[in-house]
């Protein structure tokens, strides 16, 4: 950066803006902003395109004269659009986050929190379970041969189908509240962790395992000193997927618990009443939540990797 | 504790011991080796079923909550045409097509992101965003956009499988070692040459990770998407309908088909993985 | 389980050979047919000996060391270490092994890498610190304790891996071209150090090298191997005294032995 | 894009030096402070020269080669290769590089590994086959074409990586301890081969080694480096003729040059 | 106080106003009951919850309840607050459909999950096959909303007088552009929202007593709701944890619901019951139930309660 300054001396005005631009481009803000702007633009295009047939139908039924400008304006202001315009979604989010008490059941923040808590609980249980299973699979041949196929099979069970039954059964044995929902998150999130960690625990090079063998290192020692550190990159990649799936699980799990509260209930109620704008607002909240969770895992990854002396 | 429950538990203990004994054998003949690697999970599975049957019968669990495996089996045998039609609709159409498109686009997006540092910073965080678009949120929207039939289900599968592929491929593309990248640099290899000859092979274990995770996610996605409006055929349709009709055995019959199809699909991907990434320590080591 | 190494040496072992191979053969099965890496190797290494293995690249030196270390199973014949099977000896932590490639753990600093076997064998934190400092000094790496492997040059990595094997007290040292990547001066220094260590501690050392002078300078016995299928073609006893200053390498006796080794190597090569 | 290498040599370059370093310095920033790997290095290598770099482990030999190859950016000073910047030279595929570690791709067989640069540089399939066969023969690896790297011994891997760098026709060869893991006989053989290749093709070679005899035997000039911060302490011109049979190593002239190199090395070490 | 858990068939809305009112106005408390109302949702099968012990009493439609009874969940109707059916098929006039005969060759949206029985028996009544083809109707599983009609993916969709119909209107399609077929008018109406319990529990006098008090208080709630529809709607709104319901919609729904509950004091009308059973039995090749159920209802509770 400093080295480039003397070279840029002639025409310093443009060079200055150049570096400012570069500094922004090197950061994340500008690229994200540009990509977002592009997406928003395309989105507006689609809003008009997708909502137009309905709007034209309205005009015809009401026998009104209309111009293209009218059409563009009206397609972005429908009450139940096929695709709501970005500003409609934002307005709805503003209304349901800022303008209401966070504790009110109309507050999106409240619903997000409910979903988040079961996501986190489920994710924590799921990751732990996944790691433990992977440990078992890597260390016990019987488990390797027999459990893995059934872990895979378990994932092909459509969770939404069993979720109500799980909830009913758990209710029958006295479990209710956060845990049943969290268990559905667990069910979805342990799988990527198992798959990733089995791979990770098996990723040490032959020579490294040989070295541990020459020390007659116990399995536990080999595990903590070699397998675990080698598997960490896999752990974090898996956890990114797992935390995102966990959220999906929590949302799915909210349906059979009676669609009472949480982003899932909100989505459902929205679709039940055809409130597209409300669906999209909830959808965005969910996505924002997921993005922050994934980013958080990513941050953890960077910190841990830096502590492990990874090459920058 | 009653006899059925006790019997189930005894069976479990016995089967576990048998498996432990079996895996200690390491036959040299490849045929025996293959047989063993099928026998062990089979015994485990049979154990699960026996324990299930025993517990359901022994504890008198209402069949509308959980039917015993024997009842499910009867139902499977009795409803083959329906099951086949549902399988064709959901798996052969929605899952396979959605999987191919979702994995494909996730992969291409990862390449695009990798190619351009700009996109890497701009698009990857948004990729995280897409990842969490919950199926139950997008499924109705996809039905709105792509109609009732399988294309809307395939679209849901695309959205679900996209992110795992993206994340894994991006991670995999940075998995090649520094010295190997230096080597390619000394050849002044072009971006694409480095990609195809070094970075993609080195990324293959990660990519297969995603392909495996996605093989099960795709099925879940397609089935769940069918809860939100479909023609009256499909595994998800059948499941949601038959739950309402208290035909829980039919629900489990569909689940069994889904589990079988999903496991075979996964097995196929895993088999291809072994062939393609034979050099990776996790596979070389056996 | 975590007891310090080599306390399981049976009393009987003091008289019996430390390494004893009888009709040892090893064949690797590869996709395009079997590769015979060792064929009918007979060898006995007594306590306190310094045996060098020399032979063309790919002749099976590494494989033989790995068999001693119980890292490879022979397909025929018998191997005994300290009178025990190779596995029992490994479990008793009978040896330290320096691999041909450094094989440092990338997530550990140099000092942590050297401390690894000490941690595993249950040394106390104080003793670990002491031994790490001592062995790093021995290989001239003081000052690099906190660096990660990728921040070191190739030779420095190799020296770190030597330090790692010397950090604990194994009676048997298996060293696979430990000084291959080192410059002459460091190499001379380490050769002296190794001889000194050997003389002082009465360790038994099996040493793979490509350098004839190095083999002659260090060894009490030099095993010449020939390639594919790897077998022992010559065993040369050194007549040099145990006390060996560096300039012994210019004596006629030394040159004579070196010449014999070179001849042995050539003979093995030509009947390939 | 895929044009065969080295056709971009500018006409002017034939007279100017192939490698020219001026006041070159390189400092690595590490977590616990900067490490000066190169300090104020001035060096010029002319066309057709064979320059060896010798110096203690960690003195910056690899780093210097990496700077020439545009794999490392100097923090000060200037480097020119064929009269171009290091980057432009790299883009023109001006050199072949043999790394200190073999660095073979585990998913490619040996022959495919050797063919890698040829694929990248757009050689035809026929020519690839021919060149792979020829260079594998040169390094004595015929018969191992279809093996994977992990099925080869350490020395064999190193030879495969040499074959890989020789397979295409770069006018400049950068070799970082290529023969470190090889036995004396193979090493002698490859030394001869390399000299022969050099004499025949008029290549320029920069060669890192730890062996003083090897450096003297091969080079027209020997650059002695001293450690931390790495600098050039001595440059010794060889007076040996271009034609060098192996037994030239016993001539007084040879021993005299070797002695000077050894002295230079010791001097550099002592003022550390 | 005795605990009672009520499992609703659907999400919190004015369709269940009576129960919420009874709770809110303290009618349950007066009967010394502590009632928990569990909202339902698209995957909640109330009979399953009942069988699993998650509820004491459920709200269910009679076709689904009778079908479940045949499948081994012995449901018994103990009260029937809804007198008439609110179910309809709503079509766009522009599709040209005028009579049920015109359904042939069209695409119809139908709710499944146990809600398809009334439709299936109506179609078999008309002799229209439901598996597509020239002569039959193409059936779509209708999702949660009225989109299939608005987007013309279906020619007709299922609606309830109190709910989906108004969503169509709200979406901007005027009433005169719609044509509706009420199940009541077609003579194929089946009984909706009744209260069901498990048969064996009725052998327990204590449970019977609890249900008597529960039904009495619930009916009091229903009558209160009929008289004060706007307040009832507000009570429902207060109980909606999703915060997604709107006042306008719930008030209107309450108005429509009041019409359906109006004719009932909670006692099951045996004639209505018989009509429902006959209609379900007349299913042609694939009837909803195969034989007339025995003991599927009891007047014991309502007799004592009212």
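Order of writing sets the chain letters: A, B, C, D and E. Residues in each chain are counted from 1.
Note that a residue touches a chain if its C-beta (ideal position, glycine included) is under 8 Å from a C-beta of that chain, and two chains touch if they have at least 3 such contacts.
Remember, predicted model here, so these are calculated numbers, not experimental data.
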When you check each chain against chain C and chain D, which touch both of them? none
Just tell me the minimum hop count from chain B to chain C, counting one hop per pair of touching chains. 2
Chain pair showing more contacts of the two, A-E and A-C: A-E
If you average the Cα atoms of chain B and of chain E to get two centres, how far apart are those centres in Å? 38
Between chain D and chain E, what is the separation of their C-alpha centroids in Å? 85
Distance between chain A and chain D based on Cα centroids, please, to the nearest Å. 50
Distance between the centres, which are taken as Cα means, of chain B and chain A, whole angstrom: 19
In chain B, what residues contact two or more other chains? 65, 140, 144, 178, 227-228, 240, 243, 248, 280, 284
Specify, in ascending order, the residues of chain A that touch 2 or more different other chains. 82, 160, 164-165, 168-169, 172, 205-206, 255, 268, 271, 311
Can you list every residue of chain D that touches 2 or more other chains, as numbers and ranges? 101, 150
Check the chains against each other and report every pair that touches. A-B, A-C, A-E, B-D, B-E, C-D
Of all residues in chain E, those that touch chain B in their complex: 42-43, 45, 47-48, 51-52, 64, 67-68, 71-73, 112-116, 138-145, 147-148, 151, 153
Can you list the residues on chain B that touch chain E in the complex? 62-65, 140, 143-144, 147-148, 226-232, 237, 240-241, 243-248
Contact footprint of chain E on chain A as seen in their complex: 54, 58, 61, 79-80, 82, 104-107, 111, 160, 163-165, 168-169, 171-172, 255-256, 258-261, 265-266, 268-275, 278
Chain A-touching residues of chain C, taken from the complex the two chains share: 1-2, 66, 69-71, 90-93, 95-97, 99, 101, 103, 105-109, 116-117, 119-121, 148, 150
Could you pull out which chain B residues touch chain D in their complex? 177, 179-180, 182-190, 193, 197-198, 201, 204, 277-280, 284
